[in-house]
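Below you'll find the structure I mean.
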Amino acid sequence: MVSNSGPLHQETPADAGAPLRVAVIGAGYWGPNLARNFKASPDCELSAIVDQDTARALKVAGPLGDVPVFESLERLFAEIEVDAVAIATPARTHHLLALQALEAGKHVLVEKPLAASRELGMQMVEAAASRGLILMADHTYCYTPAALKIRELIQEGELGEILFIDSVRINLGLVQPDVDVFWDLAPHDLSVIDFILPGGLRPESVAAHGADPLGTGKACVGHLSFDLPNNAMAHINVNWLSPTKIRQMIIGGTKRTLVWDDLVPQQRISVYDRGINFQKASTSAAQRKAQAISYRMGDTWSPALPETEALGLMVTEFAASILQGRPSRTSGMAGIRVLNVLEAASRSLELGGERSFVASNDVQLEGTR
Amino acid sequence: MVSNSGPLHQETPADAGAPLRVAVIGAGYWGPNLARNFKASPDCELSAIVDQDTARALKVAGPLGDVPVFESLERLFAEIEVDAVAIATPARTHHLLALQALEAGKHVLVEKPLAASRELGMQMVEAAASRGLILMADHTYCYTPAALKIRELIQEGELGEILFIDSVRINLGLVQPDVDVFWDLAPHDLSVIDFILPGGLRPESVAAHGADPLGTGKACVGHLSFDLPNNAMAHINVNWLSPTKIRQMIIGGTKRTLVWDDLVPQQRISVYDRGINFQKASTSAAQRKAQAISYRMGDTWSPALPETEALGLMVTEFAASILQGRPSRTSGMAGIRVLNVLEAASRSLELGGERSFVASNDVQLEGTR
Amino acid sequence: MVSNSGPLHQETPADAGAPLRVAVIGAGYWGPNLARNFKASPDCELSAIVDQDTARALKVAGPLGDVPVFESLERLFAEIEVDAVAIATPARTHHLLALQALEAGKHVLVEKPLAASRELGMQMVEAAASRGLILMADHTYCYTPAALKIRELIQEGELGEILFIDSVRINLGLVQPDVDVFWDLAPHDLSVIDFILPGGLRPESVAAHGADPLGTGKACVGHLSFDLPNNAMAHINVNWLSPTKIRQMIIGGTKRTLVWDDLVPQQRISVYDRGINFQKASTSAAQRKAQAISYRMGDTWSPALPETEALGLMVTEFAASILQGRPSRTSGMAGIRVLNVLEAASRSLELGGERSFVASNDVQLEGTR
Amino acid sequence: MVSNSGPLHQETPADAGAPLRVAVIGAGYWGPNLARNFKASPDCELSAIVDQDTARALKVAGPLGDVPVFESLERLFAEIEVDAVAIATPARTHHLLALQALEAGKHVLVEKPLAASRELGMQMVEAAASRGLILMADHTYCYTPAALKIRELIQEGELGEILFIDSVRINLGLVQPDVDVFWDLAPHDLSVIDFILPGGLRPESVAAHGADPLGTGKACVGHLSFDLPNNAMAHINVNWLSPTKIRQMIIGGTKRTLVWDDLVPQQRISVYDRGINFQKASTSAAQRKAQAISYRMGDTWSPALPETEALGLMVTEFAASILQGRPSRTSGMAGIRVLNVLEAASRSLELGGERSFVASNDVQLEGTR
């Protein structure tokens, strides 16, 4: 233990009334944000910062009230008692650290992507399930007020059946050393789609098309198409080379269509009460085909959204799912579903865009959603 | 001949000094626009309106100075002398009417799509070529001030090498009885891409993904991906079901990136002087891969565009190509190149998005570009 | 009578069942638009076009079914029977033509501004009132779907009490030979404010500030401030020299605030359910002053507007007010109220911006609203 | 002295090579921002935080490296050596604190407004001038990359002669307890106008119109008009009651017009190469009046702006003006010029909008700009 202000090793288990004791693993880019939000949460207690580079960890720990700093999970678990860990280290290390924590009986929050592959991710999910511990994916975008509102609107049936989802996330972005533009940017869109659809993200197959016009060795421009229930389709466009920035998701429904434009702070969500009208009787596809289609031009509505930090709500959900003993809303399985699509996308890309089947793990792990 | 004010049959051939005598075939939706522009053109003389429904034709002919009206091409050719015809009838009739006119020695302008299939289209191209007549595709969008400016900027090298093209054309649109959303909307994007790229539209293959979530029997949502030279890629998104209207084409280049937003009349084109910087030496892909990439944040520039009607410029080009004996800038072959991609897209769609090869007719008809 | 197709002089009076027989006076810029809309109206019959320049009148009359053309009101009234005239001649001639028509027992519609001065305008209003004839001001903007919706929302109390109105109408505009920017552009804003406020446009005084930085001899940039009921204020900014075009009216209310942006066709009106909250008890100003103020951040709502041509609705209202024997919604008095403000603005401008009182004619002509 | 880590009283004077030792006075809303920027500046050393509420001061001082904290200027000057103070206390205390510091031989930076009245402000300016000390107004907006660019463009003649300036700053804002909307918001616009115009802000008179429709006891909606050189005019619209937020300044020039829209981060400045064309010969106003005016529709250009924090540049300017012994670019006199207009505006408001003369102090203090 590096800090001399930390508590001694305790065997006392957490009880529902006490705040959740959480250690943040990783003091790089994302860890400090997590640490700040655990510190600010009334449900949690920031118990420690863990990083091999303890100087870096101390720099994070200082302004947060000189929380204790450890150089490894072993030392953390040996010296103080925590209930959970939040892992914000490079993706390739998630698997090892998460298993270590789960085996020590700790709940685990993992930065996206859940793991470097779905196979490793599944081991994490199984380890958590077998011990009755929470494994949560840090899909931060799902906890933005916009995504929470969209989930609510869809679940209340305000959009009707989903007809299409189109998501564009393009910007001048750093070409990443280890991942292509799909693995870098699409997890945001995929995790949100998983979050807002009642059935989650479960396409049968995906097709990915990409380009590497600068010869960087990986796709810098990418298009991902996959099926949604009821013959609907989703498409995601990610691009590192666009000097014009777009972050827009259009969700077309039989009743209304929603546009989420994340770059318009005062009106992020617009709901268009416009669309196709069928006569009520014609519920079957055959009937629809046979008859004329008319259009409906209704009002546009933009719900007020609270100005809440997504990360704060994510931390609250982590604590709540632990205390209530229920899967979190972005569970480990949600992380797996995102990995399933990314892996299939990579296979499709290798095969020149051929439709590639998406793994399904639903049967194996019932009840973990 | 229906109108009694028309001139008698004349054998006098057109000479370069006299205006081009043009008959418009079809008095439905598009024909009246063509007729109005031929009437207004100083290079042309609107000689007749032809339509089986002569009442409809008379309605168009009246306000344009009571030009003669005919019920068929046979009657037209039998009674008056024209130099050219402009065909604005349903696509399935283009082939027959164009061949009839070409065989009568007339130059032909054809509304998009050139023909119902590339095979039929090729017969038209060959018929025109063998007689030394002009066959021009009415790719109107290519003659908008925006498209003309983009063509000029690309050809002058202002954008550098093209890295990607992304075109979105979505709106609440009428589900067409005979064609899907690809054939209805994508010809606009495809013809523009053919027009602005120095080498024209010549992908090796395309992949198409579509959805018919309303069960109309045809794709209402569509995504089209294809390769561009130098490992670049193009993508076109067309959609009939979107209540939010987008008509935007992003053209990313190594030097600059251009955004064409057709719904912002005062600033349709924005040129971003931002992008990726490489060291000058590293021209090979291998070198690019090895070295760090940096970004350049430069000015944005929006060229002033004249407020000229595209159709008027198109008519001028038709007359000019005839008088100068050169292929028009949107030649029959340009129409064929668009058909090639559309047919490959339809095949890909049938095969669930499998990449489908695009026919190439370049060898057979050199010099007709 | 110039045309030989006109009917002979008839004494038959118009009855409620027959369409209103209307002659359009003036075949310049605006007259043809009026003529086209009277022609299209089921309530009206376009009986004649009158213009000293009969060639110009014939050009308008031709495509509208060769309606008769006259060179003067005298000839019109001498030769055919009409129920009403619509005057679209230069402002300085409105007074003479309107009086001539009213004395002949015709209802009169007058293009804005009603007259060259409020004194002349009042003579017109009085002449119409004394004969029980309709005098209507062609305040076209009031009949746009946007203005009609705003009037409805305000009258239903959706905005609460009005707190402020801010209207901006700036553009690169032609410097007019005879009027300054206030008289050229502000009538649009003033007539709309008169139309949407339940009490109409009745400020006690106005202050006008203008600039003529190019030395054209008249104000090219103008700002107009005046009081509204309940200590609210209105401000109008008009400008001929701005290359950026803005047409925006913000109407702040105690309950909601409405923004009319006329350059955003798909969302012209936005209603913000945001504002100041007071405790219910504090209805008096003294109480408001004493207590803290809080803010309410609610939804934004954009009502769907029909795509109806304003001029068509204006023509319908003219016919309806005649048939129903009631003042039209933009009556002669509405035109006077606009003139009152413009004249006071001119006086203020001469006095360097000093607040100038606005004439009030309300007492003299009760019941004419 | 409250902190025990501060240095002892030192008599060593600052020399040009050493960083400027600065104490921040006031640990409320703005002081921490100043402190953070002085801390980060390579030119300065943050020597102390001063606040009567030392607990509040310690909270600011802690994360900035535990800089010493003092409860008063007396204690500050008694215990440590500083070169300058930055005053971020309520406006009514600026005068007393600034004089105290100037009398102690310290350079002074003062948050806007410079003082509660121009009379008090002038005493500060005179006190600084007589001692050869720098008095700088913290007109932060002037140091935004946008304002710096606009100043540069105007001074290089890119806009030509200024024809009009229109500034709108409206938002849902807290009704302030002590000042009206003019004093709260207009200083931003006025200080920028003073900064960008070569001659500074020197109108002869201003007219102010305001409204207090909620009965808060002070204007919540305000319009300010004043003259600019060469018959141009400026107008500022400030409003606390508008739920739609606008921060836009339009600067019309004879050559180009610039629009600064501060809410569009990616394109804050647009320069329109559009405007009025005169024939070259007609340079006199009389000639302009006589001849026709034509329009020029040129390109739009949006310069790239660095993403620099304004406050950092302001701090740099404070240090530079001290080291170079020259007035800062937002000198005390700039603060006076803003106060001159605000005081005249208040007088105008009391007189119902009557034009009120603006005080001029230029003669008295030559050389202080």
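As written, the chain order gives the labels A, B, C and D, with residue 1 at the start of each chain.
Rule of thumb we're sticking to: a residue touches a chain if its C-beta (ideal position, glycine included) is under 8 Å from a C-beta of that chain, and two chains touch if they have at least 3 such contacts.
These numbers come from a predicted model, not from an experiment.
Chemist: Using only Cα atoms to place each chain's centre, name the chain farthest from chain A.
Modeler: The most distant chain relative to chain A turns out to be C.
Chemist: Could you state the distance in Å from the CA-based centre of chain A to that of chain C?
Modeler: 56
Chemist: Could you give the separation in Å between the centres of chain A and chain D, each centre being the mean of its C-alpha atoms?
Modeler: About 44 Å separates the centre of chain A from that of chain D.
Chemist: Among the residues of chain D, which ones contact at least 2 other chains?
Modeler: 274
Chemist: Line, ring, star, complete or other: which one describes how these chains touch?
Modeler: Shape = complete; every chain linked to every other.
Chemist: Please name which positions on chain A make contact with chain B in the complex.
Modeler: 161-164, 166, 170, 172, 174-175, 207, 209-217, 221, 223, 225, 227, 230-233, 235, 237, 239, 241-244, 250, 252, 254, 257, 259, 270, 272, 274-276, 278, 284-286, 288-289, 293, 295, 352-355
Chemist: How about chain D: which of its residues touch chain A in the complex?
Modeler: 63, 245, 266
Chemist: Please name which positions on chain A make contact with chain C in the complex.
Modeler: Residues of chain A touching chain C: 267, 273-274, 297-304.
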